[in-house]
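Below is one structure. I have some questions about it.
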Amino acid sequence: MTDATPARQAPSRGLLARLPALPVSLVIGVLLLAPLAVAAVAGSWLAPYPYDEMNIMSRLQPPGADFWFGTDEFGRDVFSRTLVGTGSSLVMGVAATALSLLAGVPLGLVAGYKGGRAGEAIMRAMDVLMSFPPILLGILVLAVTPPAQWKAIVAIGIVYVPQVVRLTRAITLELMQEEFITAARLRGESAAYILFHEILPNIWPPLAVEASLRVVFAILLGASLSFIGMGAQPPSSDWGLMISEARPFVEQAPWIALCPGFALATAVIGINLLGDGLRSLLDPRNTGAH
Amino acid sequence: MMMRRLVARAMLSAILLSGTALSVQAAGTLKVSVDSNLNTLDPAKMKGGQEYVAAYLIFNGLTVISHDMTVKPDLAERWERSDDLKTWTFHLRKGVKFHNGRELEAEDVVATIARIQDKATGSTARVNFEIVESMKALDPLTVQFQLKAPYAGFAELFGERQARIVPRDAVDTLASKPVGTGPFEFVSFAPGDRIVLKRNPNYFEPGLPKLDEVIVRILPESSAQVAALTTGELDLVWNLPLEAIDNVKADPKLKIDSVPTSTWDGVIMNNTVKPFDDPRVRKAVAMALDKQAITQIALFGNGTPTHSPIPPSHPYYNKDLKIAKGDPAGAKKLLAEAGYPNGFEVTLHTPAGRATRERLGLAVRELLKPAGITVNVQRVPFDVFLKDIEGKAGFYIDGFFSRPTIDTSVYPWYHSRGSWNTALWSYSNPKMDTLLDGARQAKSEDEAKALYTQVQALAVEDSPGVIPYVINHINGMSAKVHGFHSHPMMFLDLRDVSID
Amino acid sequence: MLAYTLTRLVYLALVLAVMSVLVFLVTQAMPGDVASMIAGQFASKEVVDAIAVKLGLDQPLIVQYGRWAAGILRGDLGRSLVLEQPIAPILMEALGRSLVLAVVALAVVAVVGIALGVLAAVRRGKLTDQLVSGVSYLGIAVPDFFWAIVLVLVFGSYLKLLPTGGYAPIADGFLPWASHLVLPVVTLVLMLLARIARLTRSSMIDVLQTNYVKFARAKGMPESVVILRHALKNALLPTITVLAIDFGLILGGVVVIETIFSYPGMGRLLLFAIQRHDLPLIQATILIVSAAYCLANLTADLLYAFVNPKIRHGMRAS
């Protein structure tokens, strides 16, 4: 599902070239994520039951032959719900990250390249956004309107814009010192040309690494927002929402919470490993903690 | 700098909190939980069941709705009504004292009702007292009301939750420091955490209450409530979450007490909004909904299917009517007649955080599917629900607490001029109006029963909305708790309760 | 350093001022409104209007903001519309309880995280190292609310060892008070442990390779002294600054944690305020939490500048 983000696209040429030396973490990450990717795309097709089909005679059934991971309080199949929920849960993180890149990269480029008042204004605005704790900013954005998943995506996108802006600006500033930029300037190229043809292609690798980390935070934040009722709405089987709805039944039917919980853990570990792998691929010197 | 000082103060208070100590709980302390924070301790402004819990412990009304749903004297030891049912005189009990030591006077009653009538107070009980033309204190222990129209149920209105008598000189601080005449005195309220109450030594019922102290803890998570009950951290869980009942039943140290109520949830169809302006569409929806199944899904079976807010436990209940079994084929046929051969798509709004109503909404979605109606469930925060959905949207789930009498349970919803009707489903049928008006003037029980039997039949025939069930009120408690009886109005009556 | 600190403080004040405008405007845009919330179901428009006038909600926004901001500068956070009480005492009590959670969690994270990190660094590449990174990975892989549910299940429902929700004032005794803290604190710790452990590990590894440590070893000092007295002292600096940032993260994270554990702190107060549409309470809560968050971040920055001469000199130069 990371296909949707630039995380995989940008370095793909490099990946092929270094195929024999692929980092272990990258391989494990991909292996963990592959089934989730399949579930995200074809979940409702693979699921043994419709995710919202109620079967009141078999509510709160423990895992068994008919229902592999049991049923919830409406007799809905937990496995099918988790499977179908993959899309919702991961798309939230990926789309929000894409959104923050979409808004953050241009802002960061302007701030870094033009500097001056515009740049200053952008950075100060980012400072204000960053002075809210992330989940609080999300809540503040979401409290304005009735909850819906797309609004949660926008909120998370906004939460992570400042980080993207800062990173983009920092890299741009660094690149501005490079000779090929100076050369382009001396050639009399337009600002737009330099930004799009010289700088943009060069800031993707670090941004891709950043994005892969960001996706994890975005997925977790999305799950948290769904959990407190401000993200995906019922009867959606978004994982955060599933876990939240499972709370009253945690003692009688822990499987309702555990199944989406493990799915979430798999996704997060997978993407983390993928990110670690990407980083060591793109920047072999930096293999320590982040 | 300001912020720093605030933070410093908070730190300090945290340290001080951890410093003070040493008060040991009294022997007769009952620890009870409610499932949501309270907005206010001012009875006139109360709107939620958790708040009524506090109202009932701290305050009294002129009258009280007793466990058998009849009206009994409370602060008024007796009352008289004129033959035209327009003049009502209440005689107060002598020597009743507020918790601040002052004696209750008739002027307090006048001030209490005047405050409820004041629009700026925003009391939901205001409509009840619109019928009052004038009132005055004849002497310190006698208060008289003149009504605009004859009304036989006037004494019952004083048993309503908001009509608690408050001291006229302490109304401004009721929200945070309530002063009443009730069995327990207010000690402290930590929003989100707990309310502490202590025994009122001057309570007017001799020998009551038996407990020394009541701690009402606010614990929204149902798993935490049950866990605390099993470990003895709590003695009583008010309005036990339905999903937790089996756990409590399985524990020999715990017990359950339950009572049928006339609290109901409803599938509201706005009769003025397409497609629900067509009675055939509403009838189709009603036909497709299997009430027994819904009761299972939404309440785990802890309720009873019904036709209207009149509960099956009531003598007026119409036993000849059949409870809808769910007939999607018949519903489809009706929909085709109404011009929807392929069904339609509609958004159903449910208020967030009301578990039974959320489950009801999802059940409706599933049960209407085979009838060709595609329902999109939209969960709405409660404040938005009150402002933008209730009375405005076409299709939503709502619910109402038990009312003290059959008239107050039915009339406001089904009469075309009823206070809830116009703002809920805008249902209007002159025949229904005649029946309801007739019931208000019924000379005998039999006459009233005959009329209400017809009301229920008509309510099912017209289906302004679907009332699938009335809910049981259930309390879970430790076996050490004695003398507790669940109240059909969901009041927490602790006067007779004791604990080992 | 002093000049740097002062500049940062002035800047913080500016950010907070802008933030207060933002918070005020956003909360004004909220759906539903407090007057109709107070008036309740089916109140007529005149009732709602009467309440709005009583609360001053009918005045122009700029007047409302001015009154609000002036109040805050005086230390008056306003009155809660729903609770009908001054906000400051309620908020401070809730903040105090949240701070107890945060401080205890932070202390545990510091002690356990650093210990694990040092252990992993010393036994680099061995089983212990891998165990530590594996366990710390688990902590961040699963959202805090999931850990919370697992903890509730294991320690509350099955073992019946600990209360799974609520709060006991210390007046009830130390044990009841402390026992209510355990599960929320452990959840927060699990959330933060991984980062501290990994960071300590990597900076410890760096320090252990410096000549300074090699020299100490060469002098024949016992290994424990080398590690604890010489290496750790130097390795800790980056860790400490991250701890300050984590403190801010905890303040945000309590919203979810307090919900699950029915803990009456800031987070639940905020959700309560949002549900009841209590504008002054929402505004005050967000502002105070964000201010605390900013202070924590500032502390982190200052600490970092303090231990990292490069930044200090850079600041002086500019």
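Per-chain residue numbering starts at 1, and chain names A, B and C are given in the order in which the chains are listed.
One rule holds in what follows: contacts are C-beta pairs under 8 Å (C-beta built on N, C-alpha and C of every residue); 3 or more make two chains touch, one makes a residue touch a chain.
Since we're looking at a predicted model, the values are computed, not measured.
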Outermost chain relative to subunit A, judged by CA means, is B
Could you see whether A-B or A-C has the larger number of C-beta contact pairs? A-C
Of all the chains, which has the CA centre nearest the overall CA centre? C
Cα-centroid distance, subunit B relative to subunit C, in whole angstrom: 39
Starting from the mean Cα coordinates of subunit A and subunit B, work out the distance between those two points in Å. 44
Report the inter-chain centroid distance for subunit A and subunit C in whole angstrom, where each centroid is the mean of the CA atoms. 23
If a residue has to touch 2 or more other chains to count, which residues of subunit A qualify? 146, 247, 250-251
Please set out, as single numbers or ranges, the residues of subunit C touching at least two other chains. 16, 31, 152, 157, 259-260, 274
At which residue positions does subunit B touch at least two other chains? 221, 223, 227, 353, 381, 384
Which residues of subunit A touch subunit C in the complex? 124, 127-128, 131-136, 139-141, 143-146, 220, 223-224, 227-228, 240, 243-244, 246-247, 250-251, 254, 257-258, 261, 264-265, 268-269, 272, 288-290
The subunit A residues in contact with subunit B across the complex are 52-54, 56, 73-74, 146-147, 229, 233-235, 247-252
The answer for subunit C against subunit B in the complex is residues 16, 31-33, 36-43, 46-47, 50-51, 54, 72-73, 75, 82-85, 88, 90, 92-97, 99-100, 152, 156-157, 160, 163-167, 169-174, 177, 259-262, 264-265, 268-269, 272, 274-277, 288, 291-292, 295
For the complex, give me every residue of subunit C touching subunit A. 11, 15-16, 18-19, 22-23, 26-27, 29-31, 137-138, 140-146, 149-150, 152-153, 157, 195, 198-199, 201-202, 205, 248-249, 251-253, 255-256, 259-260, 270-271, 274, 282, 286, 289-290, 293-294, 297
Subunit A contact footprint on subunit B (complex, rising order): 221-223, 226-227, 241, 243-244, 246-247, 293, 296-297, 352-353, 355, 358-359, 362-363, 365-366, 377-381, 384
